[in-house]
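Okay, got some structures for you below.
Each of the next two complexes has chain A plus one other chain: chain B in the first, chain C in the second.
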Partner chain A sequence: MPVQVVTGNHAAGYALSVAGEANRTGRGVACGIYPITPQTEIVEFVASFPFSKGRVVPAESEHSAMAVSMGAAMCGARAFTASSANGLAYMAENIMVAGYYRLPIVMVAVNRTLGPPWNIWADQGDTLMLRDFAWLQFYCEDNQEVLDTTLLAFRLAEDRRILLPALTCMDAFIVSHTQTETELPEQDEVDRFLPDLELPHRMRYDEARTLGGLAWPHEGLSMRLEIEEAMRRVPEVYQECREHFKEVFGRDPGDMIQTFATDDAEQVLIASGSIATTAREVVRQRRASGEKIGLIKLKLFRPFPEAAIRDACQSATRVAVLDRNYAAGAGGIFWQDTRATFQGHRDDLLIQNYLTGLCGGDVTPTVIHEILADLSSRSAAANPVWMGIETSKESLQ
Partner chain B sequence: MNTAAVIHRSEECLLRPGNTNCGGCGMSIGLTMLGRALEQAGDSCALVIPACCGIVTAGAFPTTSYGVPTIATTFASSPAVASGVATIRDLNGESGHVICWAGDGGTYDIGLATLSAAAERNENIIYICYDNEIYGNTGGQRSSATPAGAHTTTTPRGKIEGKKDIMSIMAAHRIPYAASLSVAHPDDFVRKMTTAFSIEGMRFLLLHSPCPAGWKSEPEDSVELVRLAVASGLFPLYEVFDGASYRISIEPDGTDPAEYFRRQGRFETEEIDLQTTRRHCAERMHRLQVLATQYPANRNRV
Partner chain C sequence: MIEIRIHGRGGQGGVTLAKLIATSRFLQGLSVQAFGLYAAERSGAPIQAFCRYAQERITNRNLIYQPDHVIVLDPTLVGPPIVAGLKAGGWILINSPLRAEEFAGQFPRNRLATVDATRIARDNKLGTRSVPIVNTALAGAVGKMLAFPLDQVHAALEHLGFKGPNLTAATRAYAEVELLATPRGSDSTEELVAPSDEGRGPSILRGAGGEPPGIKTGQWATEQPHRRQMIPPCNHICPAGNNVQGFLNALAHDETDSALEILLRSTPFPSICGRACPAPCMDACNRIELDGAVNVRQLERYAGDHGRVTPTALARRDERIAVVGSGPAGLTAAYHLARFGYQVKVFESGAAVGGLLRTGIPEFRLPEEVVAREIDRILNLGVTVETGKRIDRQTLLELARDHDAVLVATGLQQQRDLRLGMDGTEAVVQGIDFLDHVHRGDVRVDGETVVVIGGGNTAMDAARSAMRLGARSTRVVYRRSRQEMPAIREEIDEAVEEGVCIELLTQPVALHQRPGNGARRRYRLTCRRMQLGEPDESGRRAPVEIPNSDFDIPCHRVILALGQSPDMSVFPEGTEVREGSQLLGLLETPLFAIGDLATRDGTLAGAIGSGRRTAVHIHNVLSGENVRITEHADALRDVDDWCDEVIRADALKLHLFERQPVSEGDSLSMAKRRSTFDEVHMGLEDASEASRCLSCGVCNECDLCCTYCPEGVLKRVGHRLEFDYAYCKGCGVCMAECPRNVIFMSHL
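Our next item is the complex of A and B:
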């Protein structure tokens, strides 16, 4: 398997393209694309890929890019796209319906700050804005994980037990534009990993059915419940896909949540994306000096891996949730779900939120040390702590 | 009555009996005519319908009033979804027209950028706008297809602005085929659909579609109203090939437009400036006649 030095965007574009090409023996591949910084290189890669049975449609907007991909997916083709920030906001209506149509579309999102103020740097607020839609969400910390997770996402999304679209996310520039050594699989390996898509409810010219039309409340309700049941099957099906991935590519794409030194940890950091890389290094250092500190990296965000998080925090007394995102009036989004995860299970656990790296700020080892210092000094949790800025008493308490 | 026979017959229709559309609905007549054209051609199709009366027509899951596969899209998305659908049809060597069936709100307003982009890419789809000059599905608000003078719930004192010339906009994209249709002229309708079926690439058809609920007109007047619109030059029937050559389908016969306005409750007759309306109709027809003379359509086409 050739190792190349490529960017996160290149890894994502490669994964989308070879996954699409793998369906050439099926109904082919098509996607709508639209550029936006910092994901543009992904759709450029896709546009230049020589598909054997496929077409890339340069649309006039993100909204239409997703619409083209949906039209293709409804006809049983493999479909995908990529976007960022305000592009995702503009696309949002069609992102939502792709989930409710149960179309296994895979989208790579490069997490960028929503404007205004205009800002092209990393912040997860864009994809987390989509968190209540019927999509799986993965957050990746490096280029290899972006590539592996994107490939795995197709297999998971297309599994008949799931049939939901999936979002693979990476931090703007920190991952999207940073070149690292990445193993790029050969097409024949991808062909073995991704069987031809057989979408059971695809449109057929000889079947008079309406896809996405009106349904009365009791029908709508059962369709929602089916989505919930599919979401609950994700952990099990993910592990199957992961095992199959290891067999084909000889590499572990990683678990849904990835723990580091949590077994006897008293203080646990919860982080995602590239912040997890930095936090892991700090935890490694502090462990070396004997401190019982651990890290949970959340790769899977939807469905929220509650049971796995509770398992990993059995010895913990304090948890710091690091959020590179901010829900106005409510705090960090990973934190909100983490609190809900422990409610009624571990009401003794101190869970403190740290908003860090918002609007593309750097999250350095120093910041992580500051967070640990704050966490260990606390007798109780309080409002989210805004890192890297002087806050008034009002905003702190 | 033999129920089985009725059900069997309904399977063969594009628009099946038992749908809940209003009496005098031009869209329903248009769907029937589209079905007839498909039947004559022996062609199959898939409908791609955005938010509009046309998707309500389908009825509730799991039944459908359409005898063909139908995709319900978001309001602004039908040409983009159809682009994906047609792409996969073509990649797999399948047959079946991919037909967008959209109202004027989805065409002239919220979906115009999407439609323009599909036209610019010359997507291999047929786009039919049933233009009832109002947001009918939401209860009668103005659209940019609403003519000047019409009272709607959002123009309670009458619309000031005139109707957008969507045919010229689409022709300006130099798409292979653009044509206007009227439910008052079924033979012309079917002939143009047959022409559209025989051409590849983006085909746009504009159907003047009466809406008794929105036009405040009698259902039995529907066909007569749009006949008056054609006869008076208010709604010219013509074809544009490649945005370059023109053919007028039915010449106005000098009918005065006054009757058209008088028979619709959406207009206050005293508010309509008939003199200006007559002049506008005459000028537009003259422009079309000049174009059809200077740049006549290739007669080899159906």
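Our next item is the complex of A and C:
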């Protein structure tokens, strides 16, 4: 398995391409693409890949790119696309539709700040805007994880017990444009990992069928419930896919949440994306000096892995949730779901929110140390803390 | 772990340099990172790129704040920021032709290295002259500085697809870089080498870093913008061949003299056409689709009346040329031939130079002093005139013998008649003759009921003159509908305003004297109602009689304005007279017919165009030169991006223009219009109307394209647009922003 120095974008583009190519013995690959910084390298890579069966369609907008991918998926092709930030906002209507159509499309999103003010750097607000759209969501910390998770996402999304689209996310530039060594699987390995897609509700020439027509309330309700049931099956199916991945590629793509030193931790950091790498290094240092600190990296965000998080926090008394995102008027989005996870289970737990790295800020080890200092000084949780900026206590308390 | 920070400018290849260093370490088995600090990526903007390598797996995801070494791609960036956080003893590598010592005073804590990578890049033709790509040369210098063997540098370059001149540049920089090691005991920045290239496959990035280097963002383009200027419809349709857009653009910039100069390239009669031209340019004007045609006629008058330009002969030639007839066609030919330098003599049968210009258009439309002024401009070029000289078949042959070329511009002199039964009596007069008498002031129609038959400008002029002379009523009788009337639309409107009645779809059939013993003889004109049938050969719908529809119009006088036909008596029977064909083919002397005689066009502008075309043709024949007339005759502009297509309104972005009402200029009061021959139109007070011109298809250098180019790769140099295709991504913003559609995209 060759190791190469590639960017996160190229890792993603490679994963999408070889996954699509793996369906050449089935109904091939088809997808719509549209460029946007910092995702453009992904679609350029995909567009230049010599697929054996199917084609890549440069669309005139993100909205149409997703529409093309949906149409392709409905006809049984392996479909994917990629986008970022305001492009995702424009695509949003069709992103929602793809979820409710139960189409196993995989999209790679590069997390970029939603403008205005114009900003091309990392912030998770763009994909978290889509959190309620019946898509699986994964947040990755480095190139290798982007590649592995993207391949895994196809397997999971196409499983008949799931049949939901999946989103693989990475931080703009910090991952998308950073070139570092990455293991790239061979096509035959990917072929073994991803069987041909057989979409049970695919369109056929010889069988008239409507997708998404008018449904009465009780019909619509039962379809929503089926989606919820599929979401609840994800943890179990994920572990199956992960085991299969290890068998084929000889590498662990990682669990839905990845804990580090949480077993006896009194203080636990919850982080995602590239911040998790930095946080892990800080925890490693602090552990070395005897402090009982642990880290949970949230890889899976939808469905929210509630049970796993509660498990990992059994010894904790204080939890710091680091959010590179924020919902206006509500605070960090990971923090909100974390609070809900412990509601009625651990009402004694102090859960404090830290907003850090928003709008592309560099989250350095120093920032993590500051967060830990703040967390240990608290007797009770308060409103989210905005790191790296002077805030008026009155306005935020 | 070693961390390196690179300072450069967008386009120099800083990020690729980071990757080259990382790749060379990666191939030695180290863990590596290379990344840039991206913002609005623009050529020339300061950028930073970073590279890390370590033996253990790298877990740092941050920017580099405390680099071990710094590389500076552009010497203008040398200053305190480049050493921010730099570890003592670390290397500073500067792309500079200076010796490393020159920087020692500025950076005493560090080791210094310099290499003239810009020169090496230029010598190897890497990048453009203005933005040489220095990264591969610097990769060689870095290799020497950090003690990597040269073959490891080459391995990295080849791994990324660089070859040829890039390898040469790296090799040369490896040899030429000047190292000024350790002025103060440096902390050892020990090098990490663990040879192992197991499991390292070929790059998946096919072609990246090949030739030319991938940093040129123009390679992303699937389309490229170009400027292509088209012919505006006004220029295309003007029978005189005026550069309408050109003179309007000059007026819009308050350059009245320059506007007149542009007009005088094609026409000697801007003040006259500015009053009496039917202005087909205004019917063709694309601005009609927005808020009404640009008032080109009045603006031409403005340029003609206010511009101060004295045209001169461009050369002096000995050939003698005779022009028969001093109407607009003859005088235009004389004008252009005189400007070419020929000795031109004009023969006029009447008493005054100017033909119909003098006698056929009444004062209230075209004051005599205007005609005199423009004719003087021609005579001042040295054109001589012999008046009272009628040319017949014999004298024409004599002229041909005595001259190097002869032009016949005798126009349409035979007036058409209508057999009404009382022809030849004082009751019936020809319109042209009537207008001539009006000029001379020896005709009276006061108190009369006047009927004018016809629908052209002569009919309108006669009717309006009759009103001014105190006619009790004036009625124009025309056999088709108003749409078919050949008169200038505004003149019809003005005639109606002044009280002229227009009887449409009416054909006179007979004139009878009415019984009675009044001071004046009275007549009745029997007319027949018509309706429109199928189009005839003129393209207009032919009038068809309605049976049993006769009625009488009582009147004192009938004026016939039915058009004229040429007098062909000077030519042998059966001579085919058309523009551009040699007459009397046995003669050696070029002899051409021009103007209405050749074209039957009947308009002032048509006569001017014919005179000019033939003058240029004669010149080409006599001189052997190849002067060409183009519809976008803008010789001042040293550009060649014209095409021969005419631009239509749907190709313009009309929404980008603001609506502005048309400026008409003031008119004389109605009381004066009914009682005097003072000029009706007073002309425009200023030329602001010219700024309504959309400049269809012609770049008027508004520079919106340059302003909005998001890459900054488009600039105007003189009258030319320069696109830097090496960096143009083909986004098409310039095309989208051009209101006049002179930028188009071509597929690559």
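The definition used in the following text is that the second predicted complex is superposed on the first by the 396 of 397 C-alpha atoms of A that agree within 3 Å, B and C clash if a C-alpha of one lies under 4 Å from a C-alpha of the other, contacts with A are read in each partner's own complex, and residues count from 1 in each chain.
Rule of thumb we're sticking to: contacts are C-beta pairs under 8 Å (C-beta built on N, C-alpha and C of every residue); 3 or more make two chains touch, one makes a residue touch a chain.
This structure is a prediction, so every number in the text was calculated from the model and none was measured.
Touch criterion not met for A:43: it reaches neither chain B nor chain C. In the superposed model, A:69 makes contact with chain B only, not with chain C. Judged by the touch definition given at the top, the superposed model places A:157 against neither chain B nor chain C. After superposition on the shared chain, chain A has more residues touched by B, the comparison being chain B against chain C. By the document's definition of touching, of the two partners only chain C reaches A:277; chain B does not. Shared-chain residue A:33: touches no atom of chain B or chain C. In the superposition on chain A, A:129 contacts neither chain B nor chain C. Against chain B, the residues of chain A that register as touching in their complex are 27-28, 30, 32, 53-55, 57-61, 63-65, 67-77, 79, 93-94, 97, 203-216, 219.
Of all residues in chain C, those touching chain A in their complex are 18-19, 22-23, 26, 31-39, 58-63, 65, 199-206, 220. Every residue of chain A that touches chain C in the complex is listed here, in rising order: 1-6, 10, 14, 37-38, 44, 48, 120, 141-142, 173-174, 177-181, 184, 274-275, 277-278, 280-281, 362-365. The residues of chain B lying in touch with chain A in their complex are 11, 44-46, 48, 55-56, 58-62, 64, 66-74, 76-77, 80-89, 91-92, 94-96, 113-114, 116-117, 120-121.
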